[in-house]
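Two complexes come next, and they have one chain in common, subunit A, joined by subunit B in the first and subunit C in the second.
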Partner chain A sequence: MEQQLEKALNEINSQPDTVGCLITNRQGLCLGAAGKINPKMSGIGMALSEQACKLEPNLNPPTIVLYSGNKRCIIQKDGEITGVIYKESSSN
Partner chain B sequence: MEYFRPIWSCMSSLFCGCLHCNDDLTNQGYDPSERTHLLSDTVNNSPALRRTNSENISSDCQSVPKKDDQQNALCRLVQNTAINMIDVGAMDSHNLEHQECDVRIKLYSHRLQQQWSNIQSPSKRVKGILKDIPKPDVYLTLSVNPEDINQMTAAIERVHRALANIKIDHKEAIVVPFRIP
Partner chain C sequence: MDTPSLVMSKDINSYFEGLLKKVHGLYIIQITDRDGAPVMRVSQDKNVDFTLTPSFISTFTTASDQAGKLGLGRNKTIISMYSNYQVVQMNKLPLILTFVGSENCNTGHILALEHQLDAYLEDMRLAVSES
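On to the complex of A and B.
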């Protein structure tokens, strides 16, 4: 049933510098997670994307990038789902 | 202060030594005040007066300047200066042990450092929204990597497709009748 979703998440996680990813629904419930990421992060990721969307309600949902050291967290809302990807670059 | 000593001894020998000045001049009850004349009989012995005197009464032997008096006065000046002078070089601080000197140097430099840090601390305090970030300039110059956005767009698209393929194959009856007797 959810094999395709798991496969998609694993593929996303195998991309360069990516250490973890998850998908959450509009209620902040984790639909699936892969790699080094806490599934409990889903609620926070969804809330952040919801708040960011309020800045420009008439535009497409913005992409949020949080930087910390050599790590970054990318959050993107699209329709009913919100994606969160953790990346860690070896340099920088 | 060390360099002052030879000059002083030279002066003393010049004024007192060759002029046969007695060392016990100070014990003669000479008590200087703001009213005391530096040269005791300046009125009679001032060069200007002397000149006028010698011009007017050339034969007056009283007007002849007394060399000894002048020398005595000068000697007294030198003596008094010697009494009133504070020789810093001869004080206790000069006789400090080398180790003690080092200790004091450390102490003073430590105190200076403390004071300096007290002065510097208000200006060193970082202000602004990014004050808790070690290198804010690094992050401020960062722009969003287009690769990240592309990756996210592709991922969302992929997940959308995957979610669309989720099907629930029901093998049993969805509505289950309760068998209430």
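On to the complex of A and C.
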């Protein structure tokens, strides 16, 4: 049933520098995860995207990028679902 | 002057009040023992007193015990979705944690609080198991 979702997640995870990704629903529950990412992150990722949306309620949901050393966390909301991607650059 | 235990309980109370504000749509965090005797409760100005009815916690305890017999291991959490509320209950025996939020509250965020709470629950767990 979730084969297509898993395929999409694996595809995202195979992109350069990507170490993990997950997709969460409107309730912050993890629909699927691939790579090195904690599925429990889904609720917090969803909460972050909800808060960021409040900055400009009339515009489309923003893409959030959190930088931490050579790691990046990218969060994008699209309708009912939110995607979280972890990236790690090999060099700074 | 406040006794150390009173200072600690105030700390814990303010910590839980902070958590309540962090999760949008969360109305109540309630900690009880397995029979439903209240240990701590923080709430927003919302009338959701049904969590204090005597049968509420004991029903969860029974349901959790029964769910443990399904062969999937010990039951840890039960999420109940209602038309106006959602209730997340965690089995942390001898304590039971109950979170009540709006129907569109971020369930994943509530579940993510679990590991943050463990350190704060340790003293309460000792107090309940000693009594």
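In this section, the second predicted complex is superposed on the first by the 92 of 92 C-alpha atoms of A that agree within 3 Å, B and C clash if a C-alpha of one lies under 4 Å from a C-alpha of the other, contacts with A are read in each partner's own complex, and residues count from 1 in each chain.
Keep this in mind: contacts are C-beta pairs under 8 Å (C-beta built on N, C-alpha and C of every residue); 3 or more make two chains touch, one makes a residue touch a chain.
Predicted, not measured: the structure shown is a model, and the values here were computed from it.
Within the superposed three-chain model, A:V19 lies out of touch with both subunit B and subunit C [touch as defined at top].
Applying the stated contact rule after C-alpha superposition, one finds that A:G28 touches subunit C and leaves subunit B untouched.
In the superposition on chain A, contact of A:K87 is made with subunit B only, not with subunit C.
Using the contact criterion defined above for the overlaid structures, shared-chain residue A:L66 touches neither subunit B nor subunit C, since it reaches no partner.
When the two complexes are overlaid on their common chain A, residue A:Q4 makes contact with subunit B while staying clear of subunit C. Taking subunit A as the reference chain, the count of touched residues is higher for B when subunit B and subunit C are set side by side. When both complexes are aligned on chain A by C-alpha atoms, no subunit A residue touches subunit B in the first and subunit C in the second. By the touch criterion stated above, subunit A contacts subunit B in their complex at residues 1-2, 4-5, 7-9, 11-12, 15, 18, 21, 23, 31, 63, 65, 67, 72, 74, 76, 78-79, 81, 83, 85, 87. Per the touch definition, subunit B reaches subunit A in the complex via residues 139, 142, 144-145, 148-149, 151-153, 155-156, 158-163, 165-169. On the subunit C side of its complex with subunit A, the touching residues are 23-24, 104, 106-112, 115. Listed in rising order, the residues of subunit A touching subunit C in the complex are 24, 26-30, 40-44, 46-47, 50.
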